[in-house]
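First the structure, then my questions, so here it is.
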Amino acid sequence: MSRTRKVAATAALLAGALALTACSTNREEATGGGGGSCDTSKGTLVVGFIAPLSGSLSALGLGMKNSTDLAVNQANQNCTVPGYRLALQAEDDQATAQIAGQAATKLASDPNVVGVIGTLNSSTAQSAAPILANKKIVEISPANTNPALTQGDNYQSAPSRPNATYFRTATTDAIQGPFAAQYMVQKAGKKNIAVIDDGKTYGAGLASQFATEAEKLGATVVAREKVGEKDTDFSGVIAKIRPTNPDAVYYGGEYPVAGPLSKQLADAGLNIPLMGGDGIVDKTYVSLGGREGDLATNVGAPPEQLPSAKAFIDAYAAAGYSEPFSAYGALTYDAANVLIQGVAKAVGNGTFSDATRDGLISAVQATNLQGATGAISFDQYGDTTNKVLTVYSVQGGEFKPLETGTYPAS
Amino acid sequence: MSENPQTADGTPTDGTTTDGTTTDGTSAAAEAVVEVEAPPEEVTAELAEDMHIATGTREPILVSSGVTMQFGGLRALSDVNLSLHEGEIIGLIGPNGAGKTTFFNCLTGLYTPTSGQVTLRGRAMPQDPARVTEAGVARTFQNIRLFPSMTATENVLVGRHVRMKQGPISSLLHGPRFRRSEAEAAERAEKLLAFVGLTRFSDELARNLPYGDQRRLEIARALATDPSVLLLDEPTAGMNAQETEATRQLIFAIRDLGVSVVVIEHDTKFIFTLCDRVLVLVQGELLVEGSPDEVRGDPRVVEAYLGAPPEEVSAQLQTGGAADGAGTAEGKSE
Amino acid sequence: MHAVEETPRLSTFLSQIANGLVLGSLIALIALGYTMVYGIITLINFAHGEIFMVGAYGGLATLTYILPTAIATTWYFALPIALVAGAIVAMLIAVAMERFAYRPLRNAPRLAPLITALGVSVALQEAMRVFYPGATAALPFPNLFIEGAVVIPIGDGVVIRYVGILLIVMSLVLAFGLERFVERTRLGRAMRATSQDRDVARLMGIDPDRVIVLTFAIGGALAGVAGVLYGSYLNNINIDMGFQNGIFAFTAAVLGGIGNIRGAVVGGLVIGLVKALGGQYLPGGTAYDYVWIFVVLIIVLVFRPQGFFGESERVRA
Amino acid sequence: MTTTATPETPATPAARPRHTGRFARLLDAAAPRSTVLMIVGGVLTLVGAYLPWVTFVLNEGPYPEKATLNFFVDPFGVTGFRLHLVILGLAAIVVAALRRIPARHRIVRGLGIGATVVALINGLWITVEGGGLGAITASEGTIAFGSIVALVGGLVTVLGASAGGLERKPVWTWTLPWWVEWILLVVLFVIVLLLVAAVLTSGGQGGVVNPYAGVVFLSLLAALGGAFAALNASGLLTWVSAVSERHRTFSVIVLLIVALLLPLTSAGTEYWMTVASNIGVYAATAIGLNIVVGLAGLLDLGYVAFLGIGAFVAANLSGAAASQIGIHLPFVLVMIISSVVAGMFGAIVGSPTLRVRGDYLAIVTLAFGEIFVRSAQNNIGGLTGGANAIPNIPAVGVGDFKFSDSVVIGSLRLPSGVLYYFLIVLLVAAVMLVFAHLKNSRLGRAWIAIREDEDAASAMGIRTGPIKILAFLIGAMLAGLAGAFFAHKTAVVAYDSFRFLESVTLLAAVILGGMGTIPGAVLGASILFVLPEKLREFSDYRLLLFGLALVLIMRFRPQGIVPDRHRKAELTDPDVEDVAKEGPGPLPTRVEP
């Protein structure tokens, strides 16, 4: 009896699998994937990619992967690297340092890998960057914000660059946090601020940089709390900060926590604005409970004012990816383009080999590109010189730019 | 995990054994295959030398004085006295629920008597089963509790645990001392298996042994702890006549090793032909104590056993009584 | 700003009590399923937390994909429909789980079903992430009850949202109903008999398989209701919500004495209060509030494994 | 050379076999023609291998090689899975034709199953990739029925073999001169090494350059599985394992040497050295867990915390800039300290075993695990770096010499990471030795006795409390040892490497491999780490499949791949246990159903 069922179930599964794929034959070249009419006689170069593609952070990781894919496809269509087809090889680091190291090793042992885009988490970058640097493979992260990655462990006293091949298009916590503090204290006039973070590299770093600057500017940090990255019930934290009578909350972390946190603040009668960093600038923030008047900082000038950003958003929509590009999409797209431009410059009309890698590093170092997030170039540590940041506020259900500036204010 | 239903309820994993006997004992002597034989004498002699149990004193070894056990409102034992001398076999009989197993549990440290005292060679019995064994009192269980997934030899080796002197470090290094102690233990296990007649099964998993042999293995395992006192809880339950007779021979041989034995049994015939002295427990109280003949003729005992003559009673108990009585003892022992 | 320091302290304390009670009733609702299943087949159904999660997604799917917007946004229609939908989805998953994962292992050693439960837990969570649209991240969940809150005017005011009150009331009512069901009905008696001794129950004409399925179904339905209420209270759900709340619920069930309905409710409330008050007053603050729950769990298991209401005989050694 | 060997049972039963079950009628009908069917199936498999398999070239490149090859154009040019099919098919024909081979039906069935699965995997893959059945049938003038013919061939082979009646596995009792057996063992272990390397490197590393890596790997596994089943059916594997048991010490030494030779094979790349090192870390940890779960029967659901404690201790003593304690101790000392600290925590976590048993103990250990993760996440005492982790842990080394460097000996250049690989192989070997020594000692027997029946164990004089805590302590020490290695090899220690799921993975490794056995934990860890590496195409479904696999293993093979003799039946349904039914008497040889 049970075997009958098993056979039937297997048959049904097989039939289903075939039916799913029977819609169209895969015979023709997929558009964009094969390089169209470009000359690809010299072979395939691989753009490596490392980020979490499974698990709870996969939403961000998949958005990054799609954005990289978009840049690679565009490059193939535009014949950006003459003679070569570019291919994206995405590796899942499961947001764990150890797996990221393994993925980096895997990519590093492939001679066709020109560079790596990623990682998402600073902890995974700490594992991957040295491995890639050892093989002179360029890594450009769109999301790592830990200052130590570019300026060494003693970044405050004696900055020194640990890995010459590591770059990032993301600004460090050391810039974004203070910028937010300046706005909050000086422009918005908040004096009693509760600071909450999610304990992760990004959130905790941002929050502590914010808190330091805010106190320097004369405000009081009335409460300093942590929440779990997977928490959903913040009533405990809110009840705890309530008696301190904050007039604003700064949250270091990402939107899956920030949205509900904002909502629950209001539910508990604390009608004060919540401010966060680039990690909360996502339309999901509002649907998860983000309120009118909440604030956020983001890297670069507002996309509406930058045609390149608009182009990215449109192209992403046109490509029909099933996941949104999420918080780091534009920065990833820029990072991928920096790499691709660098490869084009370094390879020129020649061929790619290990000897090209030094040229590629200096080409990336000398990047001067108008990207989706603004002008991109790197300083001597590999940090982006694009220190333009924009303050956004939720108005009419979405983030609207309030003002754009740089830090340190110049 | 400690509760494995297959083993905890005492029935072995399979119902049928090689010689066709079934575990409930109904088709008892249907096909007698096992020859009744006493353990080989040379093995017995060697073992007796290895174990060094007999001291030659006439002092009682195990003494219980005024042992009383109270479970809430239920008085399971009241004022039970017993004194066991070296080389003696004492039988403990009584109807179901008379408190025999409870008394055993008091003797082996599983229960702490509400009042009264148990002493071993004049010293108070420790209140921890492991220390009781260490002190020289070993037991078997009413419902066989072997280590089912270990071989017969390994079961006996576990019994040697308490007499072996390997620490974790020497186990780790497997040095000469370790090897020597392992070799000694293996040799003893071999002798013990020969003693109970299980040599041919030494590498067989305990759960695959025929029922009667599981009981023998349990005895071998208990003997491996070098006990001066061995407590047997219904050693012949579920056995056919041949096996029962073999067990009797075995217990005599154990006595010859210098081990003093206390036996709980429903089978009064078995007790009367085995023991030097018999105690009858009824409703938690010691009813009669004396030689088999004295007890057999005592009218109170006859009365306690439904007013029927002992032979009939024992026959009656032999067929149906063995499996009962387990429930009450089990329920409390958890 | 406040002249008197004591009043805000009191109001903070009371607010945390209120938070604890709301969270506690939620956990109690999940714990009922745990305690019933364990009571009957002595299985720690690790995947029960995921049933709770699936129930929440079932409710959300009904609201998003099935109900017309007009109904989905009118609370007195949406609430009961979502609750029933969540309960049904959770119940189906729970019953399927019992049938295909646990029943074949009914007589296996205890390690096997426990590991199976871990596997089911991982699989359910991942299935939801892979197959539910957008479940890779947290999803917004509408408030299905009256917006707003009761404000008790002490100090800064103690705020309890209406939906929080709904949660407390619902879980008490359901727990009470369940207890009546188990005590008074024929099926309930069959359940109790089966939990005492499956073989004896079988002799009495009870089909243990049916009773076990029923237990899973009831536990699943309650978890489904809890899932929808949880979404409604916190306004977002994610696939990780099941694991941690499931562990808390198990802790609650143990705390109250496993197999004991009243105990599960009390245990749940205690867990809620430990988390809320521990985060407020114990060292480490809210970052360590989960740690205190686990500490309580360990202490209870070690020193009073039969829980508050359990009798020592029922403890499985 | 003495070959005193005869199979124990007659090759074919005289009476026509009567079949039961669903396919009984079909099998009964096929029974008289079983040999013919087996040969026909083998031939069909052969033919299928030479037929075209796909009607057009796939997007990412031709698959299989010479995919649209026509009839017998190039008989010696078949590669990849088609070569495997040729071998399987030929073997099936030869074995089926030679009636003197004992258990030939059983052998052929193994080969047939292998061929069937290979054909199925590749056919399905081409269908899915090619976008429909057209890809493997006829499309626009070209035909490609290779997969279908091979599949039918495989199925017919299996049908013929099953219909012929499956014999008992023969038992061989050859004994050869010791030096012949030694040479034989060396040769066999080297073959195993080459097979492992071939499996690891099959299809390349994957990724965009080798788009077919996943299916090539799966197909190779299926082919090897078929061959393995056939060898097992022939009784040769049992004989070989008996031989290696006879020369136990020699086998262990050869195996160790062979493992150390892996870098010289095709798998000697930096990537596989890293993967192998990670496998080693988890294998060593799993062996430690095996003491607790497999021997002492205490379920620990928070075990990975000990790996974490070892790693964090090592990180703090490594001289890394982020470490709280600014001292740098030699690696050997760090390993010892990590191990001791982890052991202390193990004793603490184990102490509730004095009062708590069974499921409740599992929950207590889970709670400890969660407390560890939460505390590490919150950077407790500044020791764990919290979310920032402890990065930049220096490589193990003396002076300028680093273990992370590559090694050049003359013209031989070994990839970087190879020294770590050697280190972890030795570490795992040492841990295995510890496990084996403990298992076969007074302590090991006491653990097993406690697992089997705790009350009876204590009645045997075993002080169960301290002995159980000792299991936790020693298990945790082994994990701590692995943790110290882990910290230096990965160079980063972050709390999120030690979450609940990792504990479950470790447990799964132990169970999958076979609880209580020494090779089991290593095998389980290897499978759980190699599979996701090779099948990255399915990374989105990784955890889903993992969860389902746990359920299925518990349902169908709870004793694991290498079952412990002791536990074989414990986790299985007692009804299936055949030895018990046959009863003792002369010790029964195990007979496959």
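We call the chains A, B, C and D, going by the order they appear; numbering starts again at 1 in every chain.
Going forward, a contact is a pair of C-beta atoms (placed from the backbone, for glycine too) under 8 Å apart; a residue touches a chain by one contact, two chains touch by 3 or more.
As the structure is a prediction and not an experimental result, all values here were calculated from the model.
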Which chain has its C-alpha centre closest to the mean of all protein C-alpha atoms shown?
-> D
Farthest chain from chain C by C-alpha centroid distance is chain B
Whole-Å distance, C-alpha centre of chain B to that of chain C, is 50
Chain A to chain B: how many Å between their CA centres?
-> 73
In whole angstrom, the CA-centroid distance of chain B from chain D equals 45
What whole-Å value do you get for the distance between chain C and chain D if each is reduced to the mean of its CA atoms?
-> 38
Residues in chain A with touches to at least two other chains are numbered 199, 226, 228
Quick one: which residues in chain B touch 2 or more of the other chains?
-> 1-4
Chain C, residues touching no fewer than two other chains = 107, 109-111, 287, 290, 316-317
Flag every residue of chain A that touches chain D in the complex, lowest number first.
-> 3-4, 7, 14, 17-18, 21-27, 29-30, 33-34, 44, 46, 53-55, 87-89, 91-92, 95-98, 101-102, 105-110, 112, 122-123, 126-127, 130, 134, 146, 148, 153-154, 162, 199-201, 203-205, 226, 228
Hey, which residues of chain A end up touching chain C in the complex?
-> 56, 58-59, 62, 199, 225-228, 230, 232-233, 235-237, 239-240, 242-243, 245, 256, 259-260, 263-264, 267-269, 284, 287-289, 323
Contacting residues of chain C [partner chain D, same complex] = 42, 44, 101, 104-105, 107-116, 118-127, 130, 243, 247, 250, 254, 284, 287-288, 290-291, 294-295, 297-298, 301-303, 305, 316-317
What does chain D use to touch chain A in their complex?
-> 21-22, 56, 58-59, 124, 127-135, 139, 205, 207-209, 269-271, 274-275, 278, 321-322, 377-378, 386-389, 391-392, 415-417, 486, 490-494, 496-497, 533, 536, 539-540, 542-543
Parts of chain D lying in touch with chain B, wherever the complex brings them together | 297-299, 357-358, 434, 437-438, 441-446, 448-464, 470, 474, 566-567, 569-570, 574, 577, 579-581, 583-585, 587
